[in-house]
Amino acid sequence: MSANVAAAAKSAPASGETPAISVKDLRKCFGDHEVLKGISLEAHKGDVISILGSSGSGKSTMLRCINLLETPDSGEVRVDGELIKMKQGRDGHQMPADIRQVERIRANLAMVFQSFNLWSHMTVLENLVAAPTHVLKRPRAECLEQAEALLKRVGIWERRNYYPPHMSGGQQQRAAIARALAMNPKVMLFDEPTSALDPELVGEVLRVMRSLAEEGRTMLVVTHEMGFARDVSSKVMFLHRGEVDSVGEPKEMFARPPTPQFKQFIANFNK
Amino acid sequence: MDFDFYLSTMWSVLKALPLTLEIWFFGIAFGLLIATGLTWMRASGYKLGEYFTRGYVFIFRGSPLLVQLYLIYFGLSQFDFVRHSPVLWPILRDPMYCTIVAMALNTAAYESEIFRGALRAVPVGQIEAAKAFGMSAFTRFRLVTLPIALRLALPAYSTEIILMTKATALASVVTIMEMMGTAQKIQHDTFRPIEVLTCAGVIYLLLNLSIARLFAWVEYRLSPHLRPPPEQSQQIKPVPEVL
Amino acid sequence: MEFLNDLRDQVSTAYALLAAGWGVQLLWGIAWTLAVTIVSMLIGAVLGSLVAAAKLSHRGGLRFIGESYTTVFRGEPELLIIYLFYYGGTQVLTGVARSTGSIGSTDILNMPSFLGGVLAVGIISGAYQAEVFRGSFLAIHRGELEAARAYGMSAWLRFRLVIVPQVLRLAVPGLGNVWQLTIKDSALISVTGVAELMLTANKAARSTHHSLLFYTLAGILYLVMTSVSTPIFEKAERYTSRSFMRPK
């Protein structure tokens, strides 16, 4: 029931509302290899956008350009309407003009990595508290309280004093999601959050992600989980060789693939 | 066996332990300072800094500490400006200070390489995560890079500290009466080198073993995440003998 | 300008001193340093492989001996070991000679300084080599040993065909480090009067009062020796691991 309400809210974004994320004509080369050839994307509040594409199509690079882990060569990224200012570096490449601004924006865009990247010398609880206290400067007690609540939500509260290497992949990824949630982010970026997991651990992580989608979080999810893309997301975007091949409503896209490339892509998956 | 002789030798050498520890401590402390500077220069990304540290490491690791000590103690005093400098001369005419300077310069070369390696070994993913959460460069370094790198550097650093304990013995060749110098004197006076050097050897060995223990303890305390988790170690129960 | 004149004076003094015989002396010093290092490395290789085998043994007693060896000889100041072999050797030789009556009761039979020196440096080198060999052995792929057993190779055959070549290959970089360490340790035996490079530089510095010149020269010569050995060991590494590289 609630899922339906949320889905209804998602499918009808108020026109004129500033998008949570808007990317225009993003380009990126590594050496002479052009990985992103002009990508544009808009995510409104409550959107869950699944980004699909075969390996090497530039999905990760796109996501990493949004929070400036990679510096785009050209194009613009806006978060909540705010343009990330760029300037010309000495070597001719673009670079962020104001690193403070980038840091402030990154704090609003929590990222969940394929390989978790939990800080291995901190316990799970410390992982959840580190950024909120040091970046957002929130009081420690409050952060701890929130962290415990989040860990209960993702079901690993009993492991709060464990170090990441002592947990299973699924538990680590759930801890990483909780760490992202602890920032109260405006948008969550997921880069193949289940790809490093054993098949039997994928479900527990997807369940958490589905519940986040249902509560109306804005999410960009790079994934190879077709089920998630079709059933949970509000929009599917298919990247092919660094370009947006097709975008659309998931049921529609999967039922009637708009391009031969996308058709081929899902055909390979269903094999 | 002449038990009294062993005891009195042991005691005489032990009385020189504070001097050995003094050289050791100051050598290590100044060495750490220089090494930190070198590591920073190397990591700063400036070509000049990189070339300087490379050259520094090449020179101080490639030649014996004894040559470095002689060069500092005997060689530098050939410069008029050294002998007339109110700052340098009091340091460079004193064999004890010279030993400390030589040790510090020498160990800094090895330590800067240890630190460089440790910094490079910090998993990039964890630094990236810190970036992605909006941490500033300084916060990132303080909360993530430094704690991880320090733990990684600890084993090699402790080895280097033990090498420094051994290096203090070189002070004896420039007339300092630390433990080795004292042992040398007793041995010359009594012509019983085996007994005397065994006594000194026992003390040096105990000293180094304690240092190694101390570092192992620090490492253990700092790395709970590298140990097996709590229950797992309880699960591994000894196999009952009946089996 | 004055500085240039000064420098020219320095260079011509240096040249004169070297031409007056110190140059040849230094060359002899290098030769002795290399001799000491090579002999010490060989002694160390024999001791090191035995100690490594002891440390890897299933027998607790042997393991304890191996562990003690490496702990003691890596934990003691090198100078102390050198004194122990030189002066201790003299003490033992004198004692034996006096009791057999081959020297008078007040005479002293000195330990030959070269022998004392290479024994001491060799034993220290052995402790470090033992660690290198042990590490290399542990790094051999277990599966390869199992395969050798599965094909019915005897212990000796396994040792000769699988273990030795692999240990040698894996040990080369580590041995390169020990070699450099041993060159540097060899400078310490100048205290017992072996006329290697360090002692030669010492003598020259004392008798000419040009310590800066001679210690700098010695430093440079040590640098040359340690850095020339790097490409040699790299070549050796390429040679011993040729079967592990892709064909060109």
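For reference, chains read A, B and C in written order, and residue numbers begin at 1 within each chain.
Methods note: contacts are C-beta pairs under 8 Å (C-beta built on N, C-alpha and C of every residue); 3 or more make two chains touch, one makes a residue touch a chain.
What you are looking at is a predicted structure, and each value in this text was computed from that prediction instead of being measured.
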{"item": "Innermost chain by mean C-alpha position", "value": "B"}
{"item": "Pair exhibiting more inter-chain C-beta contacts, B-C or A-B", "value": "B-C"}
{"item": "Approximate Å spacing (C-alpha centroids) for the pair chain A, chain C", "value": "58"}
{"item": "Chain B and chain C: spacing of chain centres that average the CA atoms, whole Å", "value": "22"}
{"item": "Euclidean distance of C-alpha centroids - chain A vs chain B, Å", "value": "46"}
{"item": "Overlap residues in chain A, where contacts from two or more other chains coincide", "value": "none"}
{"item": "Residue ranges of chain C touching chain B (in the complex, touch as defined)", "value": "71-72, 74-80, 83-84, 87-88, 90-92, 180, 183-185, 187-188, 190-191, 198, 201-202, 205, 210-212, 215-216, 218-219, 222-223, 226-227"}
{"item": "Contact footprint of chain B on chain A as seen in their complex", "value": "67, 69, 99-100, 103-111, 113, 115-121, 130-131, 134-135, 162-166, 179, 183, 189"}
{"item": "Touching residues (chain side chain B, partner chain C) in the complex", "value": "58-59, 62-68, 70-71, 74-79, 162, 165-170, 172-173, 180, 183-184, 187, 191-194, 197-198, 200-201, 204-205, 208-209"}
{"item": "Residues of chain B defined as touching chain A within the complex", "value": "123, 125-126, 128-137, 139, 143-144, 147-148, 151, 223-226, 228-229, 232"}
